[in-house]
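Multiple structures follow.
In the two assemblies presented below, chain A is common to both, partnered first by chain B and then by chain C.
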Partner chain A sequence: MTSTEMRERTPAAPARRRRRRPSGRRLAPYVFVLPFVALFLAFSVYPLIYTFRLSFTAWSGSGPARWVGWDNYTYLLGSDAFWSSLGNSAVLWLLIVPVQVVVALIAAVLLNNAKLRMRGFYRTVALVPFVTPLVAMAQIWIVVFDSDYGAVNRLLGAVGLPEIDWLTSTVWAKPTLALLFLWKTTGFAIVILLSGLQSIPASVYEAAELDGASRTRQLVSITVLLVRRVVLFLVVMQTLAVFQMFAEPYVVTAGGPYGSTTTAGLYLYEHLGRSDLGTGSANSFLLVALVMLVSLLFVRLLRERD
Partner chain B sequence: MAVSVIPVRRRDRRRPALGSHVFLIVLTAAFLAPVVWAVLSSLKEPASIITDPLGFDPGTSTLGNYRAMFEDVPIASGFLNTAIVLVLKGGLTLFFAPLAGFAFAKYRFAGQNVIFGAVLLTLMLPTIVLVVPLLLQMRELGWVNTYQALVLPGAVDAFAIFWMRQVIAAVPDELLDAARVDGCGEFRIFVSIVLPVIRPGLAGLAVLTVMNIYNDFVWPVVVTSRESMQTLQVVLATLAQNITGNRIGADFATVWGELLAASSIALIPLLVVFVLLQRHFINGILAGSVKG
Partner chain C sequence: MKRTQIRRRAVAAAAGLTAVVLAACGPEVSSDAESGAGDTGPADGTLAAPDTDAPAGEITIWDRSGDLYEVFDGVIERFTERYPDIVVHHEAVDIDTKLPNTLIAGADVPDGVFLDDAKVAGLSDHFYDLSAVLEPYLDDIAAQKVDVNTVGGRIYGVPWDLNPGLLYYRADILEEVGIDPASIETYDDLFAAAEQIKAARPDAAPIHLEKEPFLSQLWLEMFASQLGTSLADENGELRLDSPEYRQILGWLDEVNKAGLGTRAEYLGPADLAALESGQQVFVPWAIWWDFAPQQLLPQTTGLWRAMPLPAWTEGGARSGAMGGSSFVIPRDAENPELAWLFYEFLVFDPEGFQAVYGPNAIYPDGLNTSVPSYAPAADPATPLFGPLDALGGQDLWPVAIEAGEQIPGGTPIPQWWAGAVDYLGDNLQRMFDGELTPEQVIAESTEQIQTNLVDRAS
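Moving on to the complex of A and B:
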């Protein structure tokens, strides 16, 4: 019996005649995945079940939990704070994702030109923001965008533009956070899209050129069509990231001014601070449902364009 | 295909227009500016950070901000805690994720699909959603402010398993079978055949894992309330409070100087790793993009 046959045999098949070696081989994969399975059961499944139960109770973290049925869910769905946290995240999404896709696509197309000098340099620098710690950058953002002494306002003043209350006005706080997010992840988006472009065979462009398609039309129709999968991946991933956005508002604005940067992720965390654990649990599940729904929606939308 | 050769050459001969360079240079400058500005400013006299944020005079550069920052901010203990978590959690992921990936790639066993489904589920579950549940669990266990709480949840990273499964699937079966004929046990095969063969993939995974753990913030900030247990990122998040708390009446400039010094010093280790191991980094990032 060759070993390939042995491996393909279903584990349910009788193993009577096998001696020590084969039985060791049947047990091996279970032992190998055991560390993951144990951690998964202990730190994903258990807490999820525990919290799901908790989401139907009122509990402050000590003493007995009181069963309240769907109250936490109906409370959240009827509360302005919950919806405004989702609204803030939605606005941030609008400020971030379309801008990032366009900028990263242009940069990736330019970098895909083999004749471009310093390609490697551009790509390396694009990843610098991606490897810097977000929290450190958030601190630097506070300093750079300070209304009175920040470098950005000083720069604006020097060229005769009006200074802006970047972090202290409800209008500008979101764009300032969006800028931090864009700065941090656009290089990553460029590298991802570039790898998508590089997987397009040159023959596709040749065919288009023979058909007499202009350079711009080539770019738009072929490139966008063929990297659609990569763009879709990017959009879904950044959507998940934006709705979970936590460190940026936590460090830079603490959710202010007037709650204008309290994102869905930060709002979730605030339940902990108020020891409102039942509501926090319910909020977790609402957010999961929402995030999954939005991702599915995007997958559907982009698939229908085929 | 001879016909198509000519258009290809024509396309390739086209040099990028000036506009392309301008776009890329502006973008590059934007990517570098905040980091360069922060590092240079951290070397200035505190007062001039505020009075002259755009200028830099190398003649007056000083390490004063760094000296003061080490006194006021528990940055050393932050680095130490991050290092401990890096070694433990990184070690667990780098050993057990390829091991599980090996099981998924090279064995058929009952329940395989269910268990792999669990890996995929863990991949898709938003991190922030588990934060509340996990914190409650840690409270119950009495693990708040402990290393096990920082290390164990998510220690055998699902994405790492997913990636390593793909990498190991490319290892030829003949290699493993030859070892079996030689009387090699299954675990020995993993350690002495699989691991050496997948070294490039492992290097990419190592770099990505180090980066993720070093920059991790959401979970550490929730589970460490005691200063002595806080990782570097958590220490950084509370910089302003630490500085003003330790220096009563500190002016704006002093706080900013120390804040920039701490942020700069936190940036540097990963940037050095990145520059040295760029290739592995990019491999890791691209592998990360496959998971979608």
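Moving on to the complex of A and C:
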């Protein structure tokens, strides 16, 4: 039967019935999605458009804004401080994300082992830093890594090693900050990877064991392979977090010494703190574009692997 | 046209329309070069005193949490006795964090705010011009305080405390080494005294050199204030490249290179240890440093004394201003006239300023970390606070008042002052690290501030 025949044989009545459906039923789907759409418009679309418009103005938050065209963007793209903030975030990303993925994956594999006693306790312990208020942890970091009175330098001194200016030297401030971020968020990474590991059927490992695969072989050929999408999700999430990192440098180093820990997120805040809302808006859009590009790159990489 | 196509186009049109409507909800945009940079005018933004004999209403006043909040609480009690129909809601707030956002949002804006002088100009677009209400008092207010509250010829803050720079020193060590404090009249004398102490006590690095960038820039500005200059003139023109800054930076560099300075963050653990041990002997700082021997230096409390700063040239001014705060009234305040009445009472009325500086529940001997900027309150012969045990019983009042009288005017604070810390504050520290010469500090900071702050603000 051809499609033409189908159309000819299809009675017209049902179509008319569809048109006659009560309007309430036709509207129902729209009503159901309306709360989300309203909230999305109010808290996502509106701020986005507002900020985009603001990025072409000079405005301190009071009185009329002054239209400056692309000036805020050209200023930022020619600014050493802007590129330096991106560079700082990139270095922090290198110090944090690869290390975190490896450490969290190993920890997740260990915590996923059914033979491990007190698994629940260890899982809880791993998550404690993540649920501890960041500012409290940052204050502890300041004390522990104080170059004169901190516990870390005391320990170094006790074993005859030289003291290090952990938070006040341009060389060490970033690694110290990265360590804080790792300490704070690796528990979250472990939870994410654990959920990925638990979705791998046990039968896959049983089959591998029957085939004589070693533990290492299983880890590389099964575990890593099957959780790679979860790993990618984690990498994208942590990339966003690192490029938006604000509270850690704000509390621990205030972006110093000499701007060496001024992250992209903190640099953005500095514009807003000076009521330079136009430049801040342009900065946020450049940051969004960059993070989107990086995220797309990761997604593309994964697709190619698939 | 198919129905689905029509529907898609309708949805796209609705989305586009929504975007246009939403975009129109932003701030009014003008191509006028002058807009957005303070559009106050006599009819819009200039505050007048209330014209009623029985003012009534409610005001919300923001102050920082801490001792000063408690002190101002005491003033409010007296104010409400004077104005029984005005209800004051006094709130302790993290002003630096909360105020900018509140002013931009325009919601729940307080009627009056306690604000650092260094931040008044940067937010002045949001405040009432107080020139008219301050007019009767202007001649009696320290010129430096009027300058720091003035932007474009309009005054945006009620000047409150004056913070003269003083030279704090360890009296016991000077006596031990045989130095008469009165002989330290210039910075060259101070350098020589430091060398003398270093010779007698090799572990000493007698002069405090500030390590924190923000405070070090504020500290540098105290020295500059002594010479009647500041980062920018009244027109906002940068004036860092000047003989005055060259002289100050050169001296600081020499102190550092000669090993005569202790680099430490203001009252941080390393600073306190160096102060207690006698490694630091001289602290050129604002009057509010007296907080340290009163509360943070138990081993050496009573051994410290204060004197006016040395002069940069013989016969020059013996003090400069460092820090200070004023009171601002936001334009979105509900009862700005009543807020003005409160601040007029607090700053200019004897009952008000005596309640703040005189003996009170928080400071039984009076508030001694600053002095009033209003001349009738700052009479050398009529001290509002008493002698300090932490300074060996020294009567700080006349020392500070006389130092305050020497602070030159003509030192406005530009709108971008706080932003300059990323450049000048950091470069000053680089000089102490040995990375930059004083000339390089001036050249690099001038270029950076001009490009990133001055040009962007215009």
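The criterion applied here is as follows: the second predicted complex is superposed on the first by the 260 of 306 C-alpha atoms of A that agree within 3 Å, B and C clash if a C-alpha of one lies under 4 Å from a C-alpha of the other, contacts with A are read in each partner's own complex, and residues count from 1 in each chain.
Methods note: contacts are C-beta pairs under 8 Å (C-beta built on N, C-alpha and C of every residue); 3 or more make two chains touch, one makes a residue touch a chain.
The model shown is predicted, which means the values in this text are computed figures rather than measured ones.
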{"item": "Partner chain(s) touched by A:Gly265 [first = chain B, second = chain C, both, neither]", "value": "first"}
{"item": "Partner chain in contact with A:Ser281 - chain B first, chain C second, else both or neither", "value": "first"}
{"item": "Which superposed partner A:Tyr149 touches (first chain B, second chain C, both, neither)", "value": "both"}
{"item": "Which superposed partner A:Gln198 touches (first chain B, second chain C, both, neither)", "value": "neither"}
{"item": "First, second, both or neither for A:Ser214, with chain B first and chain C second", "value": "neither"}
{"item": "First, second, both or neither for A:Gly61, with chain B first and chain C second", "value": "both"}
{"item": "Which of chain B and chain C A:Thr74 touches, first, second, both or neither", "value": "neither"}
{"item": "When both partners are placed on the shared chain, which of chain B and chain C touches more of chain A", "value": "B"}
{"item": "Which superposed partner A:Tyr50 touches (first chain B, second chain C, both, neither)", "value": "both"}
{"item": "Footprint overlap on chain A, comparing chain B with chain C", "value": "46, 50, 54, 61, 149, 272, 277"}
{"item": "For the chain B and chain A complex, residues of the former touching the latter", "value": "3-4, 7-8, 10-16, 20, 23-24, 27-28, 30-32, 34-35, 37-38, 41, 49-50, 53-54, 92, 96-97, 99-100, 102-104, 106-110, 112, 115, 118-119, 121-122, 124-137, 139, 152-156, 158, 161, 173, 177, 180, 185-187, 190, 211, 214-215, 217-218, 221-222, 232-234, 236-237, 239-240, 252, 256, 259-260, 262-264, 266-267, 270-271, 273-275, 278, 281-282, 285-286, 289, 292"}
{"item": "Touching residues on chain A, where the partner in the complex is chain C", "value": "41, 45-46, 49-50, 53-54, 57-67, 75, 79, 81, 146, 148-149, 256-259, 270, 272-277, 279"}
{"item": "Chain A - residues contacting chain B, complex", "value": "3-4, 7-12, 21, 24-26, 28-33, 35-37, 39-40, 42-44, 46-48, 50-51, 54, 61, 103, 106-107, 110-111, 113-116, 121-144, 149-151, 154-155, 158, 183, 186-188, 191-192, 195, 202-203, 205-207, 209-210, 230, 232-233, 236-237, 240, 243-244, 246-247, 250-251, 265, 268-269, 271-272, 277, 280-281, 283-285, 287-288, 291-292"}
{"item": "Partner chain A, residues of chain C touching it in the complex", "value": "18-19, 22-23, 25-33, 35-39, 100, 103-104, 122-123, 125-126, 213, 269-270, 273, 331, 416, 418-419, 422, 426, 429-430, 452, 456"}
